[in-house]
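Just below sit the structures, each encoded as structure tokens.
Two complexes, one shared chain (subunit A), two partners (subunit B, subunit C).
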Partner chain A sequence: MALEVETLEAGYGPVPVLRGVSIHVADNEAVAIVGANGAGKTTLVRAICGLSQATAGHIRFHGQTITGDAGHRRGEAGIAVVLETRGLFGELTVADNLRLAEHTGRGVKRPQGFRPFTLGDVFELFPIVKEKLATRVELLSGGQQQMVAVARALLLQPRLLVLDELTTGLAPKVVQEILSVLTALRSRGMSLLIVEQSIKLAAAMTDRAYVMSLGRVVHEVGHGEWESTMSNDAISKAYLHG
Partner chain B sequence: MNSTLIIQSLMAGLTNSFVYALIGIGIAVIYRGTRIINAMQGDFAVIGGMLTVFGLVSAGLPYVWACALGIAAGAASGLLIDVVCVRPMIRRQADDEAFLLLTIGLAFTISAAVLYIGGREAHLLPGIGGNGTVEIAGAFMSVHAIFLIAISLLVVCGLWLFYRKTIAGLSMIAASVDPDGATSIGINVARMRGYTFVLGGAIGALAGILVTPLISVSYQMGLGLTLKGFAAAILGGLTNPLGAVLGGLVIGLSESLAVVGLSSGYKDVVALTIMLLMMVLMPNGLLGKAGRRGG
Partner chain C sequence: MTKTVLNGRLAFAAVMLVGLILPAVFERHMVDLLVYAGLYTIAGLGVGLLLGQCGIVNLAQALFYGIGAYASAYSTVTLGWSPWSGILLGIAISVAVALVIGFPLLRLHGFFLALATLAAGTIGTIFFFEWDWLTGGTLGIGGLPPLSVLGFEFNSPARFYYLVWAVVIILLVLSSNLVSGRPGLAMRALRDSAPAAEVMAVNIHAIRTKIFALSAGLGALAGSLFAHYSTYVSVESFTVQRSIVFLLIPVIAGARSIWGTVAGALFVTFVPELLSGFGDAHQMLFGIMLVLVVTLMPDGLAGIPARVARRFAR
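Presenting the complex of A and B:
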């Protein structure tokens, strides 16, 4: 199992947001977290990536408990995240942003047979990233920044890639481009955990999903259940957008 | 007005410019790496100057080793401040103003500690390269002042390379620009902040060592240096070491011209008025918005 989250509680300071969330992601599986604004999706991502401390529960990554590990150690363990805010360094060039991730990626523990991502690989996935190498990130469009953020995450050589609201605010053409990249990543055996507000996009990107509301998982969408979930008005109206 | 007098005055102004620049560079380094406005940068200079005097005079160390002791003391002070004060404050989610108040408080504390330990006496160090002078266009400049300017320029070039070419420098910028983003790619943000304080402390101490042969070091020297250093750093955009040098030149040279044209009593009024005017007209500093990201 790539990721196991058990009865996780986390929040911001004394304010609890997650109330006993349990999810799992298997090897080479793509799983979505869906739910309306304020459901706790981003807090779950932050807790998994060590940016918010869990107050109760457990997080295991490939069998190792990482609940109390510092945030910067999660990347070394093989978890990469593209944050909702992207987390790029705007005043640095694209090349420098990638260089920093490449440096960390060299120290990541890799399983046998893992083929590391090279700069050439990410340029092949996102040709625009190569073209903009010398440009400061803050001068790029939103879509270009998102591509740099994914490219940077891949250079961390992750076994699990967490994507928080990756497609929000992007043009449909860019969304399609990113979708095709995600398909390519899955063919390389990577596990994906994708937070998405749009259930249609979530269905296009993943095998199954957890529906969150008010800090809890309130529904699970199993393999082959996307169609029935999308046509279920009660679930859509209660917990989802689009 | 005699042209030699003007040249002599400009040379004195040039030397002062680089003194202010060195303090401003330290302020810029700490602001760039932590987003903390450091009101005690001049006190790193006091620590550096005092410890070098101690090493040279009391401990009998060779000049180079005494300087190394002074720089190490500045760096260690920076690290101590980060570990003892800044980290606990960040854990308690302190606001930006709290850090400014912290550094103001530390400035007074260090001044009082130096008074208690070292006494009221002011101390001088011998100049680097001796106490000789060089004649330039009929005016005289001390050899030490030439070393001071050369070392300041080396520090700026070194910082430029460090922040642009090394993983440590890029990581320090990344940690301050977006701490979450930095953490997510494996950068230890707290450690980078510690490194920034060490670097800022070391540069401050170096400034103190270079100033002490010109103006003797004493417990109360810090505040005055901090104020001029601030003026230089602010004019330079607060994040760019090269900007701090340009800011230092504006302050130092306008002071010296005020001394020649008006009287020495007006030098601060003229220099700080020019600073205020430039801030109103160029709110992002001499290098503009893009320049704030450089260096």
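Presenting the complex of A and C:
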């Protein structure tokens, strides 16, 4: 099992947000977290990558407990995240953003047989990134920044890639491009945890999903259940705002 | 070679040439001030690396400056060691102290961290004052031997000038390499967005602690050189006011510029001297000049060449 989160509680200082969240992501599986604004999706991402500390519960990554580990330790273990804010270093060039990832990615634990991502791989996935290497990231469009963010995350050599609201605000063409990249990543044996507001996109990108509301998992979408979930008005209206 | 690079190298060569002949044309007092500007460049460089590359305000540099100076004074005058051993001892103690106090303090951020370093600097001054068995208290320690290499003694302002500025240039080159290399990238990343750096497997706390220790080492080196230059050290030289002066150096220079540190150090050394003719008003005038520099030149003095170049490019 790539990721196991058990009865996790976390929040911001004394304010609790997550109330006993349990999810799991198997090896080479793509799982979505869906839910309306304020459901606790981003807090869950922050707790998984170590930016928010859990107050109760457990997080395990490939069998190792990482609940109390600092964020950089989780990165070294093989969890890479593209934050909702993209987390790019705007004053640095695209090349410098990638160079830093390439360097830190060398220290990341890799299982036997893991084929590391090279700069050539990410340029193949995102040709525009290669064209913009000398450009400061803050001067790129939103879509281009998102591609740099994913490219940078891949150079961290993750076994689990966590993507928080990756497609928000992007043009449909860019979204399609990113979708095809995610499909390519699946073929390389990577596990994906994708936070997504659009249930249609989540269905296109993942095998299963957890529906969150008010800091809890309120519904699970199992393998092959996407269609029935999308046609279920009760779930859509209650948790996904239509 | 592009025209810009060529112009830059020519300008650098011209500055070096002027620097070489300054002791011959300046009177002794001015050379003395240039020596102090060199010492302040070294201490200010450490503060600047923290401020400009990591976004950390360090108000404890006088503590490390003092440790370097007292280590040199005690080891040479009381223990009879060679001056170079004393310098190494000062750097080693400063780095050790920085690691011990930096490990907990550097978990703080922003104003809280700045206040914590201010507290560390204040405690340091109190120790320097109270531990008179080691520091000589207000009487200080005098009679430090001059530095020497192969029998050549750096025992005059002009001789010390060449020594200190050679050290400055070496440190500036090394610091530029550090900042343009991978460690510099990581530093700028954490300054830009600490959470993003953290999830990129960058050990933020380790980097901040290492740079704090490096900064302390530079402070100690400056303090040791100061001690051997002035041949006398006392607690007045290592107060919080001195830490503020060290912090002003990168602020005035433009914190992200390594070579600009020289301009900041020249400013804090020469401007008060030039204004001293105005009697009691000179501190107020210095304050006004500081405000003008900070408000009119957000990139500091180091940003002036780029501004001039932009003006001519229009």
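By definition in this document, the second predicted complex is superposed on the first by the 240 of 242 C-alpha atoms of A that agree within 3 Å, B and C clash if a C-alpha of one lies under 4 Å from a C-alpha of the other, contacts with A are read in each partner's own complex, and residues count from 1 in each chain.
Convention: a contact is a pair of C-beta atoms (placed from the backbone, for glycine too) under 8 Å apart; a residue touches a chain by one contact, two chains touch by 3 or more.
Just so you know, these numbers come straight off a predicted model, no measurement behind them.
Asks: So if we stack both complexes on subunit A, do subunit B and subunit C clash, or do they fit?
Replies: With subunit A aligned, subunit B runs into subunit C, so clash.
Asks: So, A:163: does it touch subunit B (first), subunit C (second), both, or neither?
Replies: A:163 sits against neither subunit B nor subunit C.
Asks: After superposition on the shared chain, which partner residues are touched by A:76: those of subunit B (first), subunit C (second), both, or neither?
Replies: After superposing on A, A:76 lies in contact with both subunit B and subunit C.
Asks: With both complexes overlaid on chain A, does A:13 touch subunit B (first), subunit C (second), both or neither?
Replies: first
Asks: Look at A:136 in the shared chain and tell me whether it touches subunit B only, subunit C only, both, or neither; answer first, second, both or neither.
Replies: Touch partner of A:136: subunit B, not subunit C.
Asks: Tell me which partner A:44 touches in the superposition: subunit B (first), subunit C (second), both or neither.
Replies: neither
Asks: On subunit A, what residues does subunit B touch that subunit C touches as well?
Replies: Shared contact residues on subunit A: 49-51, 70-72, 74-76, 80-81, 83, 85, 87-92, 96, 99-101, 103-104, 107, 152, 156.
Asks: Which of the residues in subunit C end up touching subunit A in this complex?
Replies: Against subunit A, subunit C makes touches at 182, 185-186, 188-189, 192-193, 195-205.
Asks: What part of subunit A is in contact with subunit B in the complex they form?
Replies: Interface residues on subunit A, with respect to subunit B: 13, 49-51, 70-76, 80-81, 83, 85-92, 96, 99-101, 103-104, 107, 136, 152-153, 156.
Asks: Which subunit B residues qualify as touching subunit A in the complex?
Replies: 93, 167, 170-171, 173-174, 177-178, 180-189, 293
Asks: For subunit A, which residues count as touching subunit C in their complex?
Replies: 49-51, 70-72, 74-76, 80-81, 83, 85, 87-92, 96, 99-101, 103-105, 107-108, 152, 156
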